[in-house]
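Each structure below appears as C-alpha cells.
Consider the two complexes below, in which chain A is the common component and chain B and chain C are the respective partners.
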Partner chain A sequence: MDAREAIRAFVKDLLASKGETAAFEDAASLLLSGSLQSIDAVEIALFLEQEYAIDFSVVGFDEAQIDSVDAIVSLVEQHGRRIS
Partner chain B sequence: MTPPSSHGGFNSIDGPTAPEFNLASPLFQHARQNGKLLALSVDGRNVSYGELAALAQRVARWLTGRPSRPPGFVCILASRSVEAYAGILGTCWAGDTYVPLNPKLPEARLAQLLSMIKPVALVVDDGGLSALTGLALSAAPNRMLTGFGELPPHDPEDRPRPMSAWDIAYMIFTSGSTGLPKGVMIPARAVTCFLNVLSGLYGFRPEDRFSMAHNETFDVSVHDMFSAWNVGASVHVVPATQRMGPLKFIQEKQLTVWGSVPSTAVFLERMNMLKPGAFPTLRHTIFAGEPLPLRSAQAWQQAAPNSSVDNLYGPTECTIFSTWERLSDTPHVTRERGTLAIGKPLPGFEAGVLDESCSFIAPGMEGELALSGPQVATGYFQDPERTAERFPVIGGKIWYRTGDLVFQDASGIYHHLGRLDNQVKILGNRVELEEVEKHLREVCGSDMVAAVPWPVEYGSAQGLVAFVSGTACAPSDVKKAMRSRVADYMVPGAIRVLKTLPLNANGKVDRRELERMLAEEQT
Partner chain C sequence: MTSPAASAPRAKPAPGTTPAGSAGLLGGFRLIPAFERDPGYVTFACTTAGKLYLLGLFGMGLAIQNGARYAVILSAILGGATFLPQHRRLVLTGGTLLWLVANPFWFDWSLPEHVGKISTLAGGLNLRALYITGLVGVFGFGALVIGWARRHPQSLLCTQPVLTLGIFYAAMLLFASYGAPDGARLAAWLFLVAFGAYFWFFAYALSDQRTRDGDSVALEFGTFHPFWGSTTTPLPKGAAYLRRIEAKDAQELAVSQWKALKLFIWVCVLSFCNLVFTKLIHGAFHIPTFQDAFDRGAAHAPYPVYVCWLALIAAFAENLFVTSVWGHTVIACCRMAGFRALRNTYRPLAARTIAEFWNRYYFYFKELLVEFFFYPTFFRFFKGRTRLRLAAATFAAAGLGNMFFHFIRDVGYVAQLGLWRALMGFRVYAFYCLVLSTGIVISQLRNKAPRRTARWFRAPLFQRLGVVLFYCLLQVFDVTGRSHPISTHLAYLLHLFGIGR
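On to the complex of A and B.
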C-alpha cells in the first residue's frame, strides 16, 4: 500500500469512527471544516509520527498541514519516511 | 461556620470612586508617551500603540455619534483580527460594554444571541460579515461597522470616557443548562482589580511579548489583551491552526508570557515537542481553563527553564482567575486526578467550602467552592432568579457558588475534584450537557438522548460522544444538524445509535453506564 492509500485508509477509519461514512475527496478539509475535531488531530499526528517518523518538534505543528489527505501526503513526502 | 478569613488584599480597589476604570485608558497613555511601540501583531501585521489607539478612538467616535447615548452593549462579531481588537478597545473607549460573539457560531445561535442582547451597535470583520446571513442578519442592529474606511477621523485630544466602578465593562456568554446561553456581566471595577492583582503577582514589563491563544469569547483573552496593554507590552495572536502546537510560534516570536489551556502542554508533551530548553525566552506561563496534569506541567517547565509555570483557576463569574498555584520542586498535587492543585485564592478573594445547605464547612471536607471579593460579577444578564441562586449573600457578603467540588488541605491549598452538576470543560470551554441534549432531542425527535464527555483525561474532557435511540436520523445528519445549532466545541464528535439507552434508578438516562461502555470499548 503506498502512502496515499495508507493515509486515506486511516482517515476513512477515523471519520467512520465519528459516524462520518460519506465519500470524501482527498482535497476535502477535515479539521477546519469541523468534520474532525482537535482530539482527532492528535490521532492523525500520532499516526504520522509512528508510521512515517515525522518529528513535529523539528517540523512544527500546524493543523493546516494535516487538514486533508492531500496535505498529509505532502507533509509525508517532505518530512516522512516509512517505518514499517 | 462563619466564612473563612481573607487571603489579604493588596491592590484591591474598594468603592466606586477609584479614578480610572476605562480599560482603554492605558492604551491612550502609552500611545501618547511612545506611540511607535508595538502593541499588536496579528496575521502578519504589526500595529503600534499610536495606530491602535487611533483606531480605537475612531471606533469610539463612531459609537458615541449615535443618536441615543446611554451606555449600551456593543457586539463584536469579529475574532483574531485588527478589527476585533480595535472594536473591543473602541467600545471600552466609548464607555460602552463589549460583548464578543464568535463569527463561527451557527446562524440560529447568533440570531438568538443578538435578539437577547439587543445591542446598540455591531462591529464586524470579514469573518463576522460572512456570518451575518438570514436570521442573524435580521436580528442585527441597524448600526453596524463593517469597514474601518467609514470611521470618522482621528482626534488626538479625545480621551477614553470616564466609567464608574459599576458600569459593565464586558459581558461574556457561556453555555446554560436550560438550553439558553447565560450572559455574565463583569463590572469595570472587577476587571481593574483583576489587572492590578495580576500585575502585582507577575511584574509584567513593557518589553514583555504576550501570546494571544484564546478566542475573545473566552474570558482569559481579557488577561491576554489588557495585562499586556496595561504596561505597554505587545500582544501576539497565535494563528488558529497553530494553537494546539505553538512550538514554532513561541520560538519565532520570542514570547515572554504564554497563556493557554493545559491541553496545549498535554499535546506538545505527547508529541515529544517539549524538548529541554525549547522556550528560553518565556518568563511566565499561565495555564487556565481546565485541570493541569502534573506531568505536562513538569515537561513544560523543562522546556521553559526561565519561566514560572502556574495553574490559574477561576469561573467567568469571578473575572477570569480566582486562585493560583505555582509549580515547584515539591508541587501540591491533587492525587485523585494527577493534576496540580488549584492552590490559594488570589489577593482580594475569600474562598470557602459550602455544604448542600449553603453553610461553610471545615477544611478537609469536600463541598462546593464559594468565592467572594471585588472580582465577583454583577450577575447574569436578564436572569435575576439564577443570579440570586448562584450569588447568595452569606454573612453580609455576596458570594459566587462555583458548582465545583473541592476540598482544602491542611496547608490551605484548594484541590479541584470535579463538578457538582453536568457542566464539562472542553478545551477550556464550558459546556452544559443539558444544553447539548436539548438540541439532540429536537434534532432526533426523540427524548432518548445523552451527551457524554469522552475521552476524559486528568479530569478534562477532550470531546463529546452522543448516544441516541428511537430516531430515524442517520448519525451524519444528526451531526450536521447540531453544527447548525451550537458552537463547534458543543457538537459531539461521534453519534452512537442504540436500540435503547440504559436508565438509572430514577428512570433517567444513565450517563455513568454509557461512560462505562466507552471505557470498556477502549480496553
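On to the complex of A and C.
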C-alpha cells in the first residue's frame, strides 16, 4: 500500500467513526469544512508521527497541513519517511 | 488519486432540521429550506438583483433584531464586501475601523470605577479621551510589533506568540501594580486594558507572520474585533483562517450568503424561543434566576432544593440560547461578507461526551485554546506516551489557557483589588477550570478505549443527560467575579443535594 492509499484508508476510517460514510475527494477539506475536529487532527498527527516519523515539534503544526488527503500526502513527501 | 463517485465529506445538517439522508419522524421536514443547494436560488444570488435582495432581507432582519443604526452601518459594509469581492479584505479593514470609531468602548471599561485607586491624576483628566489614547497606543504598538514580525518570521514572537506576549503583559501588569510612578501607572493601566482586549487578535496575527502568505499590518488589523462582532475571543479566528474560508468566486459567495440568511432566520427563531422560555420560567412559574438563588444561598437563606435545581437548569438553557443567538448573529454577518465560517455553537445538546459538548458550545474559544495551548503542549512534551500527552495538553488548554484568558479579560479586578487579592479571588474559576479539564480528559480517554457492549445506561439519551448534568453543576463555579469565596460555592453545590444548611 503506497502512502496515499494508506492515508486515504486512515482518513476514511476516521470519517466513518464520525458517521461520515459518503465518498470524498482527496482534495476535500476535512477540518475547515467541519467534518473533523481538533481531536481528530490529533489522531491524524499521531498516525503521521507513528507511520512516517514526522516530528511536528520540528516541522511545526498547522491544521492546514492536514486539511485534506492531498495536503497530508504533500506533507509526508516533504518531511516523512516510512517506518515499517 | 480520486475515489470513484467522489464528493466532499457530507455537509453538516442545518440546525433545526433532520440530518441529510435520515428522514426521521418528521419525514425530512426542514424548518428553513436549504436554499443554498438549489441551483436556481444560487444563480439568482449571483445577479446584482439577487445580491441586493439578499442584502436587503438581511439588513431588515438586523434592524429588527439589533436596531436601525446597527443595521445601516453593517449593511453598508456588507454591500462593499459583496460588490467589491476583489477588495474584500480591504473592505473588512475599513469596516472594522468604521465600527471601532462607532463603538470604541466595546470591551471592559470597568476601569473608570477604580481609576481613583490607580492614580491621583485621574480626577482632573478627560478619561474618555485618555482611553481612546490608550486604544491608539495599542494599535501603534501593534503596527510596530507586527511589522517587525513580518521581517522576522522565525523569531520567538511568531513561533511562540502567546508566551512572548504573555511575558510582556505580565511585566506590564507588575509595573502598573507595583513599580510605576503615578502618571506612568495611569498610562500603563490604560494600555493594559486595551492591550488585554486585543491580546488574542495579536496572537493570531503574529502566528500568521510565520507563513509565507502572511497578511500586511493593514489587513491584519481588519481581523481585530471585526465589524461583524466578537468578544475578546476572535471570531472566526485570525487572518490565516479568513484567507482559507473566503469565497473564491460568485457561486461560493452566493452559497455563503444564502447560508448567512438561513442562519439569521434561525437566530430569529431562537430569540423568540428564548423570550417565551424566559417569560414562562421567571414570569409565569416565578423560578428565580441562578444568580438570585445563589445570592440567597450565600446569605444563608436558600431557596428549597427543588427551586435551586430549577434555577440551575433554567440558567443552563438560557446560556445556550444566549450563546447561540449571539454567535449565530456574528457568524451570519461573517458569511454575508463572503467568509464561509463554521458556526460558533452547533447542536450542543447532541453531544454524547463532555469533550464533544465543549467543542460544540463555544467553538472559536475552544479553537483558540487548542491552537495556542493544546497543540504546542501536545507536540512538545511526553512524546511516546499518548495518554499522558493528551491529558497534559488538555490541562494546558482547558485549564491553564482558560484561566489565563479570563484573568486578562477581567484585569479590572487587579486595579480594583490589587494583584494579590485579585489572584486569590480567582480560585473559584481556577477550580472550575480544574474540574472542566479533568472531565474533558476522562471523556477523551474513555473515547479512546475499546468500546464495550452498550448497556441501558449508556444509551444516547442517558449519555446526553449525563453531559448536561455535568455542565449544569459546573455552572456553580463558572464565575470570574471575586464576590464569594470557594467555600460558598461548594456549600451551594452541597445544598443542591440536600446536604448542609
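As a convention for this text, the second predicted complex is superposed on the first by the 84 of 84 C-alpha atoms of A that agree within 3 Å, B and C clash if a C-alpha of one lies under 4 Å from a C-alpha of the other, contacts with A are read in each partner's own complex, and residues count from 1 in each chain.
Note that in this section a contact is a pair of C-beta atoms (placed from the backbone, for glycine too) under 8 Å apart; a residue touches a chain by one contact, two chains touch by 3 or more.
Being a predicted model, the structure only gives us computed values, none of them experimental.
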| query | Taking the superposition as given, does A:D40 touch the first partner, chain B, the second, chain C, both, or neither? | reply | first
| said: Quick one: is A:Q78 in contact with chain B, with chain C, with both, or with neither? Answer first, second, both or neither. | reply: neither
| query | Regarding the shared-chain residue A:E25, is it in contact with chain B (first), chain C (second), both, or neither? | reply | second
| message | Quick check for you: in the superposed arrangement, does A:S57 touch first (chain B), second (chain C), both or neither? | response | both
| request: Determine where on chain A the residues touched by chain B overlap those touched by chain C, and list them. | output: 20, 22, 32, 34, 37-39, 42, 45-46, 49, 56-57, 60-62, 64
| message | Quick check: in the complex, which residue numbers of chain A touch chain B? | response | 17-22, 32, 34, 36-42, 45-46, 49, 55-57, 60-64, 67
| query | How about chain B: which of its residues touch chain A in the complex? | reply | 239-242, 244-245, 247-248, 263, 267, 270-273, 275, 278, 427, 455, 462-463, 475-476, 478-479, 483, 488-489, 491, 493-496
| Which residues of chain A touch chain C in the complex? | 4-5, 8, 15, 20, 22-30, 32-35, 37-39, 42, 45-46, 49, 56-57, 60-62, 64
| In their shared complex, at which residues does chain C touch chain A? | 1-12, 159, 210-211, 240, 244-245, 342, 346, 355, 359, 366-367, 370, 374-375, 378-380, 383, 386, 390, 444
